[in-house]
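Paired with subunit B in one complex and with subunit C in the other, subunit A is shared by the two complexes that follow.
Entry: the complex of A and B
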């Protein structure tokens, strides 16, 4: 009996040790970045770098553009992917692998190829608009939105509830909005969060297309003020975390 | 709940899935207010027929007539069918009352009216107190009752039940089966009930249709279906049978357990002198102690299974074949394992089939 208790305690300690190592691996760069952003010129620590964020003249424009791109990306991603993944689960399961394969392409195709491809096929009238970047982010987010929605639908007998709703007289729009979407909330929230995180962190495409989004702006600022740049990074990360917590909270409240 | 019942006609319905013929020119007619059960093994096409009637699938050819109107090309959402599924199909994000009211909401019935009707229907299925519960907090039986109330709420032309009891435990199953029948008669709704459980089909339906490989083999009232099966398949599928080897005699009779019996079905297929199996129900065999008895086939009771009021005995005949015999338990007490008996057929006619057909049916 004592041996069993000892083995259980050892396993417990081992599990915690692994967890601590992983936490250290992730936290060390973040703690270092935060510490660096708080350093003052006189060797003390303070919030000057964070105060400086709000003194940047182009901050408002950059944030507004990034938010606009975020909204476009999230709305378009969900509008395209929710019906697509639902249809795959409903009757076109044989196409699941194909859709998954297509959705994974942004991970293997270099951003420069995507940018050039889009630039070559888009109408000239759209090329001057930053919104075009939103369309590209929809493509970039596909691997994440597909997986989040696919996992959500795996936990749902979607065929039966859709058949039931259709049998009761619901149109396809009603089925998607009133039945599928509310039951796919976790998946939709997951897809939303991942898309937002992607837009808040995407640098290459925005830089290649010469748009000043939040990540490109941080890089530009970093060339003249390292503390401010790191403070911005830490602040955007904190924003993403708060968002994740809020989403988890909303989802948990629904389940309760 | 006053309503006018609607008749249904399925005409030459054919549906294939690649090389598989799920329905092969199915013809079926439901009288207004009638409950027909479609019974058959897995893959016989019964659920396909139901889904075609619901509009959840489209036939390759044929017509679906409801209330005299051809609805073959009408989508599911415009057909006014109430359906209860095998798996629990309640919408997880809605309460019991909201689930029942969903079809009414889609039909733009005013909120107070639809909530009132949902409450009435939940009372009708005995779940008035559960109206604010979500599906995850309900038992399987409760979920199927709510699904039934939801299907009836829209006052459908036809109620479609796709094995609604198969996921429930035995006791709840019997209760809900009786409740479905009570409601169906009370509401007077034309109903198509699909099941693979023959006892369920026999207990609930006005008529039972036995399906096999996309075809309707026989459609009849339960008692006739059981007593006079139209085909060897129906005889084998409905109820339990003993397949007793025999030969067709010159006068068209067959000798079974020492008695010459008329052939009810199957004589067309087997010529005089041909080997056949006579299908004999376990309750159509009587046993007497071998002492003093001369007619019948001799054998020994090898085992007994107690089913309450009835006991099933397995008798090994001297010819080597095993025979199942059902008899009242009070009488079966005299026939313990090892008792030497004479088995006799207690019927005047039997269904016969080719001897190799048994294996085919078992598949």
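Entry: the complex of A and C
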């Protein structure tokens, strides 16, 4: 009996050891990046690299463009996906699989292939505008927006509440904005956060369509100033992580 | 209303004209509601993708030809397909293995608090890619990285030999940063569903641990593990930003080749070669998805 207990404990120690090793692999680059971004010329540490972020002349343009793309992608994503996924749950149930299939395709076709087609198929007038990048981000975000909204609607008796609202004389627009949207809050927030995280991290399409967004800017800065680009990386990762942790909390509340 | 229609149909009576009209109207309304989605995806996703496939088989005068595709599987371009496949297969198999071990160890500890942390962290790390990830590793294992300097202090010079963060094995190490968490996310529910009763039943029938995994646990876990592996494969195969930032184009990978063809770092008459490389990527991912569907379907039948 004692031998069995000892063996079980040894196995537990082994499990914890594996987890500790893996945790080390994930923590070391994080700690290193933080340390690296705080390094200063004379061998001491300080916040110079972070102060330097705000002295960059093109910071304003980069932030404005990234913000603009974020707003375009989030608004368009919701405007297209909320009615579509609601529709699929209401009456067009047999189209659900088709809509899901199409929404997941951006995970199958690599963005590098998509951008190759985009720069060749789109009219020059549209290619000259950064908004096209936002339109494409709506597509890249579809697998995530579909999943988030679909899961949200699963937990909702959407047919009953829509029928009730329609029966009381509400228009379809009123139904979507004042009935479906408030009940779907957590799904909508999830879709929003994931879209924002995507826009803030996307590099492939932005760099090949020659727009200077936050990720492409970090890459450019990195060619001349290592500590500044590491500081920017740490800052952007921290921001994205706060967003993603918020999503997981929103998710947990929905399940509860 | 649906009950009413059903009963009329069952009685063999044709539905009245009003009912039929309402049905047609409802169908039209459903389709109209989905129209924006279909049109949008066709313009911004379907058309560009179809364009890549068509142009892969055309020369620059729009004549049909197989020359692009033929060239895309020769010389340096063939090498880049091999290198991309190698990197994706290596990072997918290592990621699958380590991710599985991590999840198994996590469930072995039976610690729910730890489990919550790992789940949240995995969700976060799996989404950590691109440029910031590359710079994070440069800060750790680059020539002046923190870990590099630590190791130097205890007498290990990782740059003493031929190893570099900016080559194949370096890139593999970096890719694992998003591959392992993805594996944990995908496999945790499947491992969690392993029933204790199965193990006990097998033990009561005299099965050893080895036999249990060989004949019961293994076959049940085959489909989810194979599915996860293919997901990781596609994930690594499509990755561009991290490879671009770390290798600055020195390692021939298909996405990097397409990138440099697209940004015009190459002779003009090779313009359509990029489409052929893109087509090749689509074919490889399609094959991976085909195998994925096959393994999942077989598993669904088996578990019924």
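The working rule: the second predicted complex is superposed on the first by the 210 of 256 C-alpha atoms of A that agree within 3 Å, B and C clash if a C-alpha of one lies under 4 Å from a C-alpha of the other, contacts with A are read in each partner's own complex, and residues count from 1 in each chain.
We take it that a contact is a pair of C-beta atoms (placed from the backbone, for glycine too) under 8 Å apart; a residue touches a chain by one contact, two chains touch by 3 or more.
Keep in mind the model is a prediction, meaning the values are calculated, not measured.
**Q** Touching A:56, do we find subunit B (first), subunit C (second), both, or neither?
**A** neither
**Q** Answer with first, second, both or neither: which of subunit B and subunit C does A:167 touch in the superposed model?
**A** Touch status of A:167: first partner only.
**Q** Does subunit A have more residues touched by subunit B or by subunit C?
**A** Touched residues of subunit A are more numerous for C.
**Q** For A:222 in the superposed arrangement: first (subunit B), second (subunit C), both or neither?
**A** After superposing on A, A:222 lies in contact with subunit C but is clear of subunit B.
**Q** Contact-wise, after the overlay, does A:204 reach subunit B, subunit C, both or neither (first, second, both, neither)?
**A** In the superposition, A:204 contacts subunit C only.
**Q** Between subunit B (first) and subunit C (second), which, if any, makes contact with A:48: first, second, both or neither?
**A** A:48: touches no partner chain.
**Q** First (subunit B), second (subunit C), both or neither: which does A:244 touch?
**A** In the superposition, A:244 touches subunit C alone.
**Q** Using the touch definition from the top, list the residues of subunit A that touch subunit B in their complex.
**A** Spelled out, the residues of subunit A in touch with subunit B are 156-157, 160-161, 163-171, 174, 179, 182-183.
**Q** Could you list, by residue number, the parts of subunit A that touch subunit C in their complex?
**A** Of all residues in subunit A, those touching subunit C are 11-12, 14-16, 18-19, 22, 25-26, 28-33, 35-37, 80-81, 83-84, 87-88, 90-92, 95, 99, 102, 105-122, 135-136, 138-139, 142, 197, 201-204, 207-208, 215-216, 218-219, 222, 226, 229-230, 232-234, 236-237, 240-241, 244-245, 247-248.
**Q** Quick one: which bits of subunit B touch subunit A in the complex? Just the residue numbers, please.
**A** Spelled out, the residues of subunit B in touch with subunit A are 54-56, 75-83, 85, 87-93, 102-103, 106-107, 147, 150, 154, 160.
**Q** Which of the residues in subunit C come into contact with subunit A in the complex?
**A** It is residues 26, 29-31, 33-34, 36-38, 40-41, 44-45, 47-52, 55, 98, 101-102, 104-106, 108-109, 114, 118-121, 123-125, 127-133, 135-141, 144-147, 176-177, 180, 234, 237-238, 240-241, 244-245, 255, 258-259, 262-263, 274-275, 278, 281-282, 285-286, 289 of subunit C that touch subunit A.
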